[in-house]
Amino acid sequence: MPRLTKKRSKKAGLPPGTLVHIGEKKAEEVKITIMGYNDGHFEEKEIKTIQESRLSKDKSTITWVNVEGIHQVGIVEEVGNYFGLHPLVLEDILNTDQRPKIDDYDKYIYIVLKMIYFNGKCGEIVTEQISLILGSNFVISFQEGKEGDVFDPIRERIRNGKGRIRTMGADYLGYTLLDAIVDNYFIVLEKLGENIELLEEELVVDPTTQTLREIHRLKREMIFLRKAVWPLREVISSLERGESSLIKETMEMYFRDVHDHAIYVIETIETFRDMLSGMLDIYLSSINNKMNAVMKVLTIVMTIFMPLSLIAGIYGMNFKYMPELEWRWGYFMACSIMGVIGVSMVVYFRKKRWL
Amino acid sequence: MPRLTKKRSKKAGLPPGTLVHIGEKKAEEVKITIMGYNDGHFEEKEIKTIQESRLSKDKSTITWVNVEGIHQVGIVEEVGNYFGLHPLVLEDILNTDQRPKIDDYDKYIYIVLKMIYFNGKCGEIVTEQISLILGSNFVISFQEGKEGDVFDPIRERIRNGKGRIRTMGADYLGYTLLDAIVDNYFIVLEKLGENIELLEEELVVDPTTQTLREIHRLKREMIFLRKAVWPLREVISSLERGESSLIKETMEMYFRDVHDHAIYVIETIETFRDMLSGMLDIYLSSINNKMNAVMKVLTIVMTIFMPLSLIAGIYGMNFKYMPELEWRWGYFMACSIMGVIGVSMVVYFRKKRWL
Amino acid sequence: MPRLTKKRSKKAGLPPGTLVHIGEKKAEEVKITIMGYNDGHFEEKEIKTIQESRLSKDKSTITWVNVEGIHQVGIVEEVGNYFGLHPLVLEDILNTDQRPKIDDYDKYIYIVLKMIYFNGKCGEIVTEQISLILGSNFVISFQEGKEGDVFDPIRERIRNGKGRIRTMGADYLGYTLLDAIVDNYFIVLEKLGENIELLEEELVVDPTTQTLREIHRLKREMIFLRKAVWPLREVISSLERGESSLIKETMEMYFRDVHDHAIYVIETIETFRDMLSGMLDIYLSSINNKMNAVMKVLTIVMTIFMPLSLIAGIYGMNFKYMPELEWRWGYFMACSIMGVIGVSMVVYFRKKRWL
Amino acid sequence: MPRLTKKRSKKAGLPPGTLVHIGEKKAEEVKITIMGYNDGHFEEKEIKTIQESRLSKDKSTITWVNVEGIHQVGIVEEVGNYFGLHPLVLEDILNTDQRPKIDDYDKYIYIVLKMIYFNGKCGEIVTEQISLILGSNFVISFQEGKEGDVFDPIRERIRNGKGRIRTMGADYLGYTLLDAIVDNYFIVLEKLGENIELLEEELVVDPTTQTLREIHRLKREMIFLRKAVWPLREVISSLERGESSLIKETMEMYFRDVHDHAIYVIETIETFRDMLSGMLDIYLSSINNKMNAVMKVLTIVMTIFMPLSLIAGIYGMNFKYMPELEWRWGYFMACSIMGVIGVSMVVYFRKKRWL
Amino acid sequence: MPRLTKKRSKKAGLPPGTLVHIGEKKAEEVKITIMGYNDGHFEEKEIKTIQESRLSKDKSTITWVNVEGIHQVGIVEEVGNYFGLHPLVLEDILNTDQRPKIDDYDKYIYIVLKMIYFNGKCGEIVTEQISLILGSNFVISFQEGKEGDVFDPIRERIRNGKGRIRTMGADYLGYTLLDAIVDNYFIVLEKLGENIELLEEELVVDPTTQTLREIHRLKREMIFLRKAVWPLREVISSLERGESSLIKETMEMYFRDVHDHAIYVIETIETFRDMLSGMLDIYLSSINNKMNAVMKVLTIVMTIFMPLSLIAGIYGMNFKYMPELEWRWGYFMACSIMGVIGVSMVVYFRKKRWL
């Protein structure tokens, strides 16, 4: 169960810009990877401190710095200072309980968003915060955890010079990272969609308390998913409008594409919510229907047997003068009356469609 | 049951502009039909590859290229390259899980929307994605499946030169296609409206679990229908505003007309949703009412027979000294008392309006 | 029961501007009435075809053409051509399933809206579509059915020269017609309000299944009423803003007045919806309360009689050695125990407030 | 019970500007009070007709005309004509079923709003319509009923020259009247808040059907209150923006203050609605819980006594060969078995937490 | 239980700007603390009346006046007059039932907002109103109660010259106070989040009436929390836009940061509301499920025992000629039949999954 709020409170009272890591430690050790490339050139290295990096001063070279693990405040601070990031940006990078947002600091754009994937073990959705710093010729990405597979295809493309990525600027790299993250949402949505379809079938065939609990679990997931994805709309829309000089005009249609995807994701989440609400209604109706069925059985049984029992009770009375008791066919008659009453009750309930 | 999400995930990690078909293969073979016409001239041919087309360079001739079946990526790519379409457009054409949208690429306008029709066999609504490329003197339409009847009347009109279509430009042809698709929605809405009215009658006469399931099925259909139609408003509104130079000002009132229809469709869907919600409420109340009725029957039966049974039980006791047992009219008296109690109970329940 | 959707589908596939009547034929024969007036002059005539009209060319004369019955496509077309109306306007006039809207065609303004009145026989709300064409010195009104009483007082005022109507332009006449239609809504709302108040009393005194059905019927009416009235806000607001040169600036406060009325109508409908929802809640609670009461009766009866029956059953056993049976006061004692148990049960339930 | 709609229908068909009183007659006789004041001067008189007023022509003198009772159309018309009010304004003043609104007629501003107070006798909220005409150096207020206490403190302040009111213009007087009306809402809200808190306690301690009815009554009141107060936001916001030349710029902060109060009132109403909805949920859950408790008692009683009764019934059978009947301790044994079964049932239900 | 509305009504009728304290008296005595500082200088003193303060006239010195306890109207008035505050501002400061808002009075900005903390004793959320006056080189803060710990870290930072606070202007001090208040919300949210998670577990394990009451209590808290926090968005957003000349442009990113936090708080409250609604649904379903289970038990017991009792009753009849009674194995046979019926009933219910 994801904690509702992370320990943000430990920052209360500290001056703004104080660097405190909020969240879980997800990686053992911080890893910094640097990729430098342009149309003709490519290099890649893994370093321990940003000082080792010796970044090319060449304007045409695009540098991608990927930091995995943000629990070591010192390293993040070092990177931040190296690139001249504002303390408030560093504070936000370290706080993994951030709302997706975009801040334009003229010299660079700061983007926070959530990576979402399924935790194989417990079947729950896990979110990981990704911070992107998009500069004129560099991109810095901060990930909470160990190397996400999501960025791997991009690395491959850069290494092999596949596609147009090596010929484009830092804004294209930033777009590619964003696109990879949003595309990844579809995998989670598909998995959720499959779960919902399974539940729908279960609902029709044999709804149990477990089904109810599963519906509620999914509804709960939707609440969190929505919270993580909803602000994305604004973030990408702001990029699409090309308000920053860091983003070339030709990028507009690319960001429009990611924007469409983000809206699609949001609408799908809303659709899932609507469907889950509908399923809850079905579940409740089916409980009511079952209760109704149970009540009918009870009523039928009682209504048939009570009169019969009364007859048996009457002829079980010990009055001295009860003429029927002496009759030769009294017993037979009593049993016949019982039979007639029983059968006519059944017929009556059949007619009333209770049986 | 329509799958909630198509396998978009297979694109995750691929560079943007990579052409992958997402969706079901609905047609056996891709078919390309070309219609060229102007006020005086008309030709029509079916080709295998776009190279065979030999399109007229004459600016006054309007060309309509209709591609049926988009599962053969190569053919779509060929058409795209022939007309100079952006890779992102081709990517979107191939992805049948697209949200209705409009993208203005200066030289052409790209429109995606959903065709909706009833599947006769299972009574379910099926959506098919239609992509329209609207250029200065050409229109390209991409359909998923086999030749839709929806466009046939337009073909007839072009062939026969009926109406004004042969004298108008590509924007009018684009409008005509849009109009045909939106008009087709009304057929689906009418069919749904009839279903809802049938269900309403069923609800009053004899609601069964089947009724409930049908209401929920329709509610579910509405969710999907809404998702498919809602963005249309924006799409057509954008055309109506005439922001593109490809759309002549005189077209405004035509697009306003389609816009009105689209809003009408959306409002009708909302009305249907409201009505289905109301019907669900009626169903639930009627279950509760029935349960109440069943409970009353049970209570009445028990309340009448329990005291009678007790009397029978009492006179069935084997005490030695029970004066009534010896009485001459004891049995008669006991039965009379039972009768009186039973009748007065019935009278009581009548008064309380339980019977 | 009003049909959910009229047969719009019969137009699917036809070229835009094709004139087809959609809706029921409500009048036997089409009737065209013409009124021409200015400050000093007044004439009125009923004609068969618009050609007979010989309208005054005098700019200062206001002409009001009223067409009752639109099922004869030819006559509507004739009128349209005579006044130079756009084919799309004629198409919309003939389609009685139109959403209220306003279209500004420079030379004239086209307004569609819904007249609403109570059908005396079945107590249902009936809507009739009214189309208004507002020109520089003429107004054309198209009604579906036989002469509505709503316009009669206006005719009287013109005939008698009462009020300022004879001294004002066509825009004032258009306003007067609109005002008459909107004022007519209040009559329907008052009738509905009375029904709702009656239902509220019924709910408190003695709610039956009929009450429930009535609430739902009214809720359903509200859905349709809302659909018919809601777009009116926009329509009149557009007139109020005085965007068209056909509407003099001095008319602004008149249209603002109708606008206020329209908003009032919409808010009242919303209020009614809220109240009906509240009443549904009361109904459901009262069913639950009743069920609860029934259950209590059942439980009380069973809880009192089961122990007594058991005692009777025990002393009805045929064991040889049952000392109590031999006692002189055994029977009396058994009855006393039963009495004590019964009375203490009653006292217990009283204390628990179940009785 | 406030009538849902007043007899607005009696105006349908009349020309705009026709003066008809709509609403109840709340005062016996119309009373007109006139107050004239400036920094140094003050006079006050009660008149029968506006002609008697002889208003000071002096621009620096502020005149406040208060009309109590609007059912005498003639008097209102006279006042209107004296001050040159538009017929539509007079029509609106006479119609007590008006939505709060503001109309700017250049020479004066017309404001309609609702005074709200508790009717001591039936504990219901009563609304009274107040119309304010704000001119350059006069304010006219129309009230439906007998002298409201709400304006009394303002009269006192004018009489005694307390506060700044005597040194300020007509706009300040208008503001003061508005402020008095809005401040009066707080009294009603507090009374409602107390009622809600009482109900909340009742809900926890002992919810009855009366509680439910009270919740619903309050919800209903909220619907009407909201309708009366909601449009006020717009009205005052329009005054605050200072669009009219009749309102001096220095008044902005005063109107902003009333605006804040109006928003506060609206938000409090929303809060009350939310709370009442929550209380309804609690009520329904508590009914369900009670029903559950009742059902448990029934089930427990039946489950304990049915087996015991069966045993008694078995040994009450009249078979010739029933060995147990002959046993010395048979009776004792049967009773023991019954006891064991009964006790173990009780233990079982205890364990299951049903007891 | 927090009172729904404070006694605002006692102000009704008083002229605007009349100073009346509304709310509870939370502190014994009013305490005024003054801090004056600039880059190099720092002084701090506690005074009784503002006259004692002798504030530095030096423009570069920032003065922070903190007033604790506002129930003594005279002292607040004195402070207000000393700094030239508008009477309406003083009125608002004294009224603790204020909606969070920001008013720009050119020379100073007036901000009202709510401090929120947990009352340790009753576990309820308590709000305290904070008023901030932000001038060119001074900040005045009014608190209702005794020295809040929230501002203590800020005092420490000023005293020790930690962080940049001593080098920045009054706008930075204002921001710091705002930030401290908003950061404090996270503590309350975390506490609430923990409560919700505990309740969620309780719901799954063993929901009781107490759980329901707790859910409702939290929902109620959310309503009040939302009312207190929601307007904050607008307040801070107005500061962020930097419309006032009192706020330097470089402060924008700081206020944007607080703005993000405020939105985060609001979204979290919405998330909590959604979750609590979901939990209510689970609770209701679980009650229904339980009732269903109880009903099943009852039905099973009755359905098994009624037929057996009937058999016992039949052989308890006293007819003279009942052949079975004479049979050697009659008793055994009757018992066997009962056993068979009982067992087959159990098997039947097993098959129907009722057991």
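For reference, chains read A, B, C, D and E in written order, and residue numbers begin at 1 within each chain.
In this section, contacts are C-beta pairs under 8 Å (C-beta built on N, C-alpha and C of every residue); 3 or more make two chains touch, one makes a residue touch a chain.
Computed from a predicted structure; not experimentally measured.
K.L.:
Indicate whether more than half of the residue numbers at the subunit B-subunit C interface occur in both copies; give same if so and different if not.
P.N.:
Subunit B and subunit C contact each other through largely non-matching residue numbers.
K.L.:
Could you give the separation in Å between the centres of subunit A and subunit C, each centre being the mean of its C-alpha atoms?
P.N.:
The separation of the two C-alpha centroids amounts to 42 Å.
K.L.:
Taking each chain's centre as its mean C-alpha position, how far apart are subunit A and subunit B in Å?
P.N.:
Measuring from centre to centre gives 26 Å for this pair.
K.L.:
Which subunit E residues reach two or more other chains?
P.N.:
288, 291, 295, 298, 302, 306, 309, 313, 316-318, 322
K.L.:
Round the ring starting with subunit B, subunit C following: which chains, in what order?
P.N.:
Cycle of chains, anchored at subunit B and oriented toward subunit C: B, C, D, E, A.
K.L.:
For subunit C, which residues are in contact with subunit D within the complex?
P.N.:
150, 152-153, 157, 162-165, 175-176, 179-180, 183-184, 186-187, 189-190, 193-194, 196-197, 200, 204, 253-254, 256-257, 260, 263-264, 267-268, 271-272, 274-275, 278, 281-282, 285, 288-289, 291-292, 295-296, 298-299, 302-303, 306-307, 309-310, 313-314, 316-322, 354
K.L.:
Which part of subunit B faces subunit A closely enough to touch in the complex?
P.N.:
1, 3-5, 7-9, 11-17, 86, 88, 92, 97-99, 101, 103, 105, 209, 212-213, 216, 219-220, 223-224, 227, 280, 283-284, 287-288, 290-291, 294-295, 297-298, 301-302, 305-306, 308-309, 312-313, 315-318, 322, 324-331, 334-335, 338
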